[in-house]
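One chain, chain A, appears in both complexes that follow, with chain B as partner in the first and chain C in the second.
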Partner chain A sequence: MSGVTINNVKKAYGGFEILHGIDAEIQDGEFVVLVGPSGCGKSTLLRMIAGLEGVTSGTIAIGDRVVNEVHAKDRDIAMVFQNYALYPHMTVEQNMGFSLKLAGRKAPAIRTSVEQVAGFLGLSPLLRRYPRQLSGGQRQRVAMGRALVRNPKVFLFDEPLSNLDAKLRVQMRSEIKSLHRQFPTTAVYVTHDQVEAMTLADRIIVMCGGRIEQVGTPGELYEQPANLFVAGFIGSPAMNFLPGELADDVTSVLLGEQRVSVKAPGHAKPRQRVTVGFRPEHVRFCDSGGIHFKVADVEFTGANSYVTGHIGREQICASIGGRAHVKAGQSASIAIDPASIHLFDTTTGKALA
Partner chain B sequence: MFIIVLGVTGYPLLQTIWLSFHSRPLAGHDVQADWVGLANFKTVLENAAFRAAVARTLYFTIVSVLAEAMIGVMVALLLDQEFRGRAFVRALLVLPLAMPTVVSAMMWRLIYNPEYGAFNALLLQIGLIDDYRSWLGAPGLAMNMVIIAEVWKNFSIVAIIVLAALQTIPRELYEAATIDGAGPWARFRNVTWPGILAPLSVALVLRTIEAFKVFDIFYVMTRGGPANTTKTATFFVYDESFAFLRAGSASSYALVVVAISMVLIAIYVRLLRRQDQP
Partner chain C sequence: MRRIFWRIALYTSVLLVTTIILAPVCWMFIMSVSSMTDLTARPMQWLPATMDFSRYRMLLTFEPNSPGEIFLLALRNTFLAAAGASILSLIVGFPAAYSFSRLPGRRAPLLYLVLSTYMLPSAALILPIYIALSAFGLLNTPFSLAVVYCSIVLPFVVWLLTGNLNTLPREIDQAAAMDGANLWQTIRHVVLPLSGAAIGTAALFGLLLAWDEFFFSLILTNDLRAKTLSVAIADFAAGRATDYPLIATAGLLSALPPVFIAFFLQRSLVKGLAAGSVKG
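For the complex of A and B:
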């Protein structure tokens, strides 16, 4: 087992730079998720770790060895692809044993390894089947089995659950999690789904526009987002943002016509323009004395209700446990827990901390 | 729909089968068909020249289709690579296909011309021959020279079909194979080849059927000569019909050619079915 060290890695295609100097340290046995919107460079970074893309500058090391010039097959990594990439003309057994066969292992040894992993993943009854005879979830499991059989130093996952339906995705997510618990190999997992990132990761690397926005545990990213992008990207429904201005004593902020007390850091300036962020689940309805809120729509999802509406001209969302007792078009009064308010510098987008 | 299909293919086929059991001139006054039973087929099967022609046609079919398959696959693999002007070169592939066989056969006859042909000039200039030769006049050579012309005309259909198949192979399969440790040959053997095999087989079935009933290219380039060494099976149908005006026996020849084609198709269909089975 080995960690992965990414040092000032850049990637350019024909002079157009898409990764602008990535630094990351992935510990041995850690499960790290690269998350970000489409086109942020997360898949490119993963493919560079895999050796499927060249590194324009900087270094990537697996364990102590810099692998920039090492061929993909010699990096001792295994990758699970979005479309599974199972060889269609090979049975499950042949798919899983292919890398061992190419490595020159004898047939009985290959069979033993494949049967062991297949038993673990519940694939034993499917070994003689072809990929086209399997369901999406089974194919996904075979793709993971193929990676496991190799016993690699690093597992790479490229959006492996995006082709599955919602229910299966949740199931496979927990299977991957328990798999990692039993085989604590270093894993780098790419997804654009922040819920997947939050549930799977030991640590998350949030990327945007070819740069790392923040690295941290799911809890850190959720509770202490470093900037507006991370605050808006992590959490579902997304964090609400309102423009505000700090009071002279920087202990409160004006939201609409309501003054709300906040904990601003020492370096905050009086009358500084800030962006106030608060999560939908930290909004509660109150009888009176709160912030004036005009309800636009109510979505009942079963466990929660999402109430969208406006404070002045700004749209916000409130997440209420169970049924909400408000209706579209109604005026209401809301309160926000001061301890859960995040303040961001409106100019730089960075958190005031 | 059924009536249209019956009218377009059923009636001529039934008419040919009916004719094959009769003796009937193709044209002329007072055309009369006399029942002769299996006599026409007996004539066909006892004709040693026809049997030799069938063997010759099989040789032509096997060699030309194999060459088309090999060249077609290689060209498709090349055209699947990224390079400048790829779209133009891909468009060029259609050129031999778009050309009528009569025109391409005439072109190759000029290329092989014993007095001013480009083929002679080329071989002489690179020193492979000392003097101009009559490529289509030598009994041992003529068949192979026609095969070259046939392959030039038709390899592109194989290349186009294989190229289309190559473009449907997901890139991730190659990447997965690379990570699994496969080199270029192992990737071809385990990803590319299984991906193109089924479409390639269909292309080869179509080409085999076409090649076995070849007529026009030989008619233009050699007229079956020299010394009947390029006289293929369909020449007998043509000669019986239009030289000897015997519609009955010509039909028997035609049906025997069709029967042999059907055997070839059946073999291919079996191979295809075997591939389809998991």
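For the complex of A and C:
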């Protein structure tokens, strides 16, 4: 087991730079999720750790060893691919034992290791089957088994659940989590799904446009997003943003016609243009005296209702537990807890904190 | 009513195509069992008076200074040249195709260059090839013929295999690398077993391309030691008194091995040509 240290890593294809200097420290045994919209460079970074892509500049170290020039096969890492990449002509047992066979282990020893991991993953009855005879979830499990058998220094996951249906995805998600609890090997996991990131990660690295936007625990990212991008990316439904202007005493902001008190930090300037962010789940409906809100649509999902509507001309969303007691077209009054309001500098996008 | 009309039209066209393809073969068979007088009689006699299979025996019996000797030696030479070309092309072509398909770099123009050699007329190549072979003392052997046939078969093999390897997900190679396989192990344990159908197809097409070749063989061989079937059959026609039934018999017999091989490799052939159209 060992950590991964990424030091000012850049990646360019031809003259086109897609990673602009990434720094990250992944601790030994930590489960880190790289998350971001497609094209942000998260998969490229993962493939660079794997050794499947070259490093243009900077260094990547696994444990104490800089691995820039080390071939993928000698890095002692295992990877689970999005499309599983099982060997179609090998049985489940051969798929899982392939790495041990290459390492020169004897057949009985390979069988013991494979059977142990298979038992753990519930694959024992499937060992003689070929990948084409398995369901998507089973293939996924074989791909994980193939990685587990190796007992590698680092696990890499490249969007491993995105080919599964929604129900299976949730189930596999918790299996991966409990697996990591039992085998606390360093893991780097790439996904574009922020829910997956929030539920799995010890720490999340949010990326956008080839840069790291913020690194933190799921709680930190949710509660203290460093900028507008992270604030909008983490959380579902996404955070609401409204343009506003701080009052002269910087203790309140004008939202629609309503003045809402906020806790601005000391360095905030009077009359500063700000973006006010608040999460749908922190909106509550009140009888009167709140912000005027015109309901446009109500979506009932079972446990929650998402109420979309407008404050002035800005569209926002509110998430209410259970059924909402408002209807489309109705006017309502809402309140937002000042403690859960986030303020961002409109020009830089950075959080005022 | 319309459906019946279309069905009749469909079967008629199938029948027509089959007839067009099979008619020459049938006529060749009829010729091969006819007597010379039947074939030269006027008015034309479509079916022979008696079936005469003697030429089949003649061609398949090895006797010195007989058409049998010419035919059987030519059969051997053709097989050596065609199989040799096919195997050599695979040995060289598979790594080339793997490199085109998998390794980074700007090789794409080279791939088109490979194809362009395929388009060069043989007549343009024959003189330099002849001079080179003659300098090495390699004229008139089936093995040098095999090497020369590679110039026809190899581009084809590289193209076919590159296309097939491109349909194989790269992640499978990468997974092998993560599992600790080096390039050779990746090819040996993962890529080769998954390319079986494509390799079978390439081998078969290579064999057929070389089997039918006439021009190179005509120029580069001059006697029984290396002469191939296509040239030997032409030689049968060049005598003073042309024995048409003998030529027909030789043509029919020389077509049998490829048909036989194609029949047995059919499954792999279809799989190879259709690779990628079916989700693995």
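Just so we're on the same page, the second predicted complex is superposed on the first by the 353 of 353 C-alpha atoms of A that agree within 3 Å, B and C clash if a C-alpha of one lies under 4 Å from a C-alpha of the other, contacts with A are read in each partner's own complex, and residues count from 1 in each chain.
The rule is simple: contacts are C-beta pairs under 8 Å (C-beta built on N, C-alpha and C of every residue); 3 or more make two chains touch, one makes a residue touch a chain.
Keep in mind that what you see is a predicted model, and the values were worked out from it rather than measured.
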Fit-or-clash call for chain B and chain C when the two complexes are aligned on chain A: clash
Touched partner set for A:87, first chain B, second chain C, both or neither: both
Partner chain in contact with A:79 - chain B first, chain C second, else both or neither: both
Partner chain in contact with A:102 - chain B first, chain C second, else both or neither: both
Chain B versus chain C as contact partner of A:52, first or second or both or neither: both
First (chain B), second (chain C), both or neither touched by A:133: first
Common interface residues of chain A - those touching chain B in one complex and chain C in the other: 50-52, 72-73, 77-79, 81-83, 85, 87-89, 98-99, 102-103, 132, 146, 150
Chain A residues touching chain B - in the complex, by the definition given at the top: 50-52, 72-73, 77-79, 81-83, 85, 87-90, 98-99, 102-103, 129-130, 132-133, 146, 150
Residues of chain B defined as touching chain A within the complex: 170, 172-173, 175-182, 186, 190-191, 194-195, 278
Interfacial residue positions of chain A with respect to chain C in the complex: 50-52, 71-74, 77-79, 81-83, 85-89, 98-99, 102-103, 132, 146, 150
Touching residues (chain side chain C, partner chain A) in the complex: 169, 171-172, 174-182, 185, 189-190, 193-194, 280
